[in-house]
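Some structures to go through are shown next.
Below are two complexes that have subunit A in common, paired first with subunit B and then with subunit C.
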Partner chain A sequence: MIVDYDRHVAVSDYADLFAHMSQSWRKHFERDEFVGSVRDAAAHIRMTDRFGDDVLEGSAPGPGIDLSLALPHQGLTINGWADQVAAKAFIEALNSHSEQVWADGRARRAAILVTPHDPAWSARVIRERAAAPQFAAVALPLSATLMGAELFDPIYAAAVECGLPLVVHFSGVEGRYLGAPPLSGGVHRTAFARAALMPQLAESQIASLCFSGALAKHPTLRVLFSGFGLAWLPSLAWRLDREWRTFRHDVPWVVRPPSEYVFEQVWLSTWPIREAEADWETLFAGNKAQTRIVYGSHDPIDGDTPADLRAALGHAADRVLGRADVLPAAMTGAGA
Partner chain B sequence: MPTAGTIPIVDCDVHPMYGRFEELVPYMSSSWRRHFADRGARTYARARDRYSHPNKTYRVDALPDRGGAAGSDRDFTLATHVQPFGIASALLLPQQPYGVTAWGDSAAAYAFLAANNDYFRDVWVNYDDRFTLAVTISPHDPAAAAREVRRHAGQPGIVGIQLLLMDKMMGDASFDPIYEASCETGLPVAVHQSGSEGCYYTSQAVAGGVPRSYGERHVVLTQVGGANLVDMIVNGTFERFPGLQVVMVEWGFSWVGPLLSRMDLLWERDPAAAPLVRKPPSEYVHEHVTFTTQPLDEVESRRERAALFAPDGLSDMLLFSSDYPHYDTDDPGFVLGSRIPAEIKEAVCYRNAVRVFGPRMLRGAGAASASAHEGVQA
Partner chain C sequence: MTALPADPVQTGPVLAAPEPTGPRPQDLTDIGAVDDFPLGKLVTIEFDGRTIGIIRTQGGLRAIGNRCPHQGGPICRGLVTGTMAPSAPNEYVYEQDGEVVRCPWHGYEFELASGRSVGGVIRGRVQVFTVEARAGRVYFAPRRPAQPDAR
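== the complex of A and B ==
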C-alpha cells in the first residue's frame, strides 16, 4: 500500500467555509480583504515572494497512491494570525469542509487542524472529530513555543487517546510574521533563504520534544514532520545523542539516548526528495534514520511522484513507499 | 617535544583569558579606566544568564596550579595543552570579549576590545611563538572594527580576525568595511559562537523558539552558523569579496552537506529567487568557508563515520580545533588519533589552516616542526 502523507488541499474561495460558521463569525470574515486573501494563503506554503499563484484545490490521490492524507495548508497559516480566537472559527470551518469535501474516509483522509494557542480547545476538537473516518491525523501549526512545552500535553494526550499521529508542516510565514516561530539567525529577507533554512524549524521541535521529555512522557505519540526535507536527520541524531551524553543528568526524564525516541516516534516525509538524492546511500543506508522516512508528494505544489522517488533512491524507494506505520493500522491494513 | 615526522597540529580554537580586569588597565585611557571602575564590564559568553550549565563551562583540570581561571595562565596552557600534544600553533580566541555582544555602548565596547587585543598580543603572542591571535572586533561600529583590524595587521602572530555576532547576520552590507579590511590585510574572518545566541534581542536566535535547557540549546546552536552562511551567499557577500575567507569555529559541520544540497537544489529550481547568487551555492562555501572540527559528532559506527566525512570537498574545509579549556574540549590525542580519517589527517591538522591563514600561522618552533615534518615527507 502506498500512502501519500503530504497531500495539500485548499479552498479557492473562503466564502466556501461560511456554511460552517455561526452568523456572527460569518459577518466577521465576510470582508473583501479576508475573502480576497486566499491566493496569499496559497503563496505562503510556497514561501514565495510572488503572490497570485493559482489556488490548487482538490484532494484526489495521485496515480498509484492508495491512500492520501490531506493537509489543508490554509489552516496552518493561523500561526501568523493576530486574532487567535478568530483562528479557531476558521480552522474548525476548514475541518468541517475536510469532512464533507476533501476526505471520504477511504482513499482520501484528512488531518484535523488544531491550534497551539488553545490546547484545551484543541484536545476537545480532536476527541470530537477523531471518530469520523475522514480524519487520520492531527495537524498542529507551529507557534513560537517549542513543542516540548508542557502546555501542549492536552493535545498530545488527546492524539494518543484517539490513536492519531500529529502532522507538523510549516505554513510558510515562519520567520516572517510576528507571532509565528522565528527562523535561525536574524531576519531573512528572501524566500530563498527561508526555504533553505526551514528544516531547522523541525530540528528545533524534535530537540525540544526529546529534551523536554514529551516523547518519553507520551511513548505512543507519533509525530510526522512533513515538507521539511530529510537529509538533515542523521546530523541531528548525532548532535542530540552527543549533548544528551554530556547533559543527561540535567534532563533525568530522558532515560535513553534521544535518537532512540526519534527512531521510534518521529517520521519525516520525503519532499523534496532530490535534496537527498546524492546522499541517500551514504546517510541513510544501514542507518536507523532510514526507517523514519515516509512518502509525501507535497502535491499539488512542486510535488514528487512515486516515480520521482524511484529515480532518486533506486531500490530503496519501495521500502519508503511501502511504509505505512504512521497512520492507525486499521486504516492501512497493517497488522490486519 | 614533537619528533621529526610527527604531523604538526594547528589548534584553531584555544581560549585564553586575562586574570584580573586590572591587567587591561594599562591598555586603556584614564577616562575608560574610570568608566569601567564605576560600572564594571560584563564579560564571557552570557548563555548562562538564561541557561545555567549543570557543571562548569571549563574543564576542572584546566584550572591553573597557581590559581586563577581556566585559560588565564599562559604557562599552564603551554605546559598542559600546547606542549603535550605538540601543538605548533594555537589560535587564541579570547572569550571575555564575547560579553560585549550584549553591550549597548559601542564606544565602551571598542575601548574594551582594543585593550583585550593589545593585552593578548603583548602578554601571550609575544611570549611564545606557538600562540597566534585573532583580533577581536564586534559589529557595534564597522568602521571602528575595520580600523582595529588595520591597527594590528602585519604584526607577528596576528593571523586573523575574530568577528563577534550580534543581531545582524553576516550577509548584511554593514559588514562590508570589515570584509574590505579582511581582504586588504589577508586576515581571515573567524566566527565563534559567543553564548549570547538565543538569549537577547541584540543577538541571533535558534529556529523555532526558546530552548529549555543548556543541552537542548547546544543541539540547535549550529543553526546560527548555517543561517549566517546562507545569508552571506544570498546577499552576494562572496561575489563582492572574492578574496574573503571565513572560518566557522565551533558551529559543527555535519549539517553542512545537507544544507548545501538543499541550497543547490533550490537554486537550480529557481535561480531568480536569489538574484545575487551567480553559481551553485555550494561552490561559494567550498571556495570561501572552512569549519573547525570541535565539537566532533560522536558517531557510533564505521558506516556513520564514513557518512560524517563523506560530503564533497569536506577534506579541504575542516580545521582541527580543541576548544581548550572548555568542558567539551576535544582531546587532540583522542580525536586525531582515532576519529579523523587517516587520509585527511594532514589536511585537518595543519595544511588547511596554513592555506586559509597563510604561512604566518606557523612561527618559530611551530614552523620548525612543520619543516621537519615536510622534510621527512619529501
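== the complex of A and C ==
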C-alpha cells in the first residue's frame, strides 16, 4: 500500500467555507480582506505563480497511490493570525469542509486542523472529530512556543487517546509573522529564503520534543514532520545523542539516547526528495533514520511522484513507499 | 610493584564497608594516613608510573584510574559531585552526592565506586581499584575491588 502523507488541499474561494459557519461568523468574515485574501494570503508564502494558481480543490490520490492524507494548508496559516478567536472559526470550517468534501473515509483522508494557541479547545476538537472516518491525523501549526512545552500536553493526550498521529507542516508565514516561530538569524526578505530554511523548524521541534521529555511522557505519540526535507535527520540524531551524553543530568527524564525516541515516534515525509538524491546511500544506508522516512508528494505544489522517488532512491524507494506505519493500522491494513 | 591490570571489568559499585579487620593482604600498599585524604577531595597519587585518584566519600574509600573511557580525558581532574536520578519531566531528583565524578573534557559522569557510566550514556567504565583503611592508614592495591555489587 502506498500512502501519500502530504497531499495539500485548499479552497479557491473562502466563501465556500461559509456553509460551515454560523450566520454570525459568516457575517464577520463577509468582507473583502477575508474573502479576497486567498490570493493575497498565498502571496505571503508563494514563490512562483504556480503556487498561487494551483489552489486546487481536489484531494484524489495521484496515480498508483492507495491512500492520501489531505492537509488543508490554508488552515496552517492561522499560526500568524492576529485574531486567534476568528482563527478557530476558520479552521473548524475547514475541518467541516474536509469531512464533507475533501475526504471520503477510504482512499481520501484528512488531518484535523487545530491551533497551538488554544490546546484545550484543540483537544476537544480532536475528540469530537476523531471518530469520523474522514480523519486520519491531527495537523498542528507551529507557534513560537516549542512543541516540547507542557502547554501542548492536552493536544498530545487527545491525539494518543484517539490513535491519531500529529502532522506538522510549516504554513509559510514562519519567520515573518508574530505568533509563528521565527527562523534563526533574523527575518529574511524573501519567501524563497524562508522556504529554504524551513528544516530549521523541524530540527528545533524534534530537539524540543526529545529533551523536554514530551516523547517520553507520551510514548505512543506519533509525530510526522512533513515538507521539511529529510537529509538532515541522521546528523541531527547524532548531535542529539552527543549532547545528551554530556548533559544527561540536566534532562534526567530522558533515560535513553534521544535518537531512540526519534526512531520510534518521529517520521519525516520525503518532499523534496531530490535534496537526498545524491546522499541517500551515504546518509541513510545502515542508519535507523531510514526507517523514519515516509512518502509525501506535496502535491499539487511542486510535488514528487512515486516515480520521482524511484528515480532518486533506486531500490530503497520501495521500502519508503511501502511504509504506512504512521497512520492507524485499521486505515492501512498494516498488521492484517 | 605489580603492573596495573589493563582494564578491570566491574559489575557495580563497591558497597560502603566497615574498616576491615584481620591481617593485611600482602599486595596492599600503604599510601598514607586517612587524614591525608580529606572527605570529598579527590587526591591523586602516582603508583607504578600511573596516576590514581583516591577519594574518601561518605560511603567509603574509592580509587579510580585517570582515564575517561570516552576519549581518555584526565578524569581525576574532574568535578566530584552527585547526579540527577531518572525522573518525571521537569522534576529533578539529586542523589549520589559525592559519589560521582564528571570528566573535565566532555562532562561524562561516572560512579566513583563502580566506574560505571551514570545513566548508561557510554559502555566503557573508569578503572576502579582496591583501596581500604586500616588503623588510620590507607592501603591501595592495583586490582579490582573485592565487593562489586551484583547489578
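Just so it is clear, the second predicted complex is superposed on the first by the 321 of 336 C-alpha atoms of A that agree within 3 Å, B and C clash if a C-alpha of one lies under 4 Å from a C-alpha of the other, contacts with A are read in each partner's own complex, and residues count from 1 in each chain.
Note that in this section a contact is a pair of C-beta atoms (placed from the backbone, for glycine too) under 8 Å apart; a residue touches a chain by one contact, two chains touch by 3 or more.
This one's a predicted model, so the numbers in the text were calculated from it and none came from an experiment.
Once the complexes are laid over each other on subunit A, subunit B and subunit C both fit without any clash.
The angle formed at subunit A by the C-alpha centres of subunit B and subunit C is 50 degrees to the nearest 10. Of the two partner chains placed by superposition, only subunit C is touched by A:Val255; subunit B is not.
Using the contact criterion defined above for the overlaid structures, shared-chain residue A:Asp279 touches subunit B, although it does not reach subunit C. In the superposed three-chain model, the partner touching more residues of subunit A is B, compared with the other of subunit B and subunit C.
Contacts of A:Ala86 after superposition: neither subunit B nor subunit C is touched. Of the two partner chains placed around the shared chain by superposition, subunit B is the only one that A:Pro181 touches, whereas subunit C remains out of contact. In the superposition on chain A, A:Ser212 makes contact with both subunit B and subunit C. Once chain A of one complex is fitted onto chain A of the other, the partner contacts of A:Arg245 extend to both subunit B and subunit C.
Contacts of A:Glu150 after superposition on the shared chain: subunit C is touched, whereas subunit B is not. Closest contact between subunit B and subunit C, by C-alpha atoms in the overlaid model: 5 Å.
Residues 212, 244-250 of subunit A are contacted both by subunit B in one complex and by subunit C in the other. Those residues of subunit B that touch subunit A in the complex are listed here as 54, 167-169, 204-216, 218-220, 222-224, 226-228, 230-231, 234, 252, 254-255, 257-259, 261-263, 265-267, 269-270, 273-274, 277, 295, 297-299, 303-304, 306-308, 310-311, 327-328.
Against subunit B, the residues of subunit A that register as touching in their complex are 48-49, 142-146, 148-149, 175, 181-186, 188, 190-193, 195-197, 199-201, 203-205, 207-208, 210-212, 229, 231-232, 234-236, 238-251, 272, 274-276, 278-279, 282-283, 285-287, 302. Of all the residues in subunit A, the ones that touch subunit C in their complex are 150, 212-214, 216-217, 244-250, 252-253, 255, 257. Across the interface of their complex, subunit A is touched by residues 70, 83-93, 106-109, 118-119, 121-122 of subunit C.
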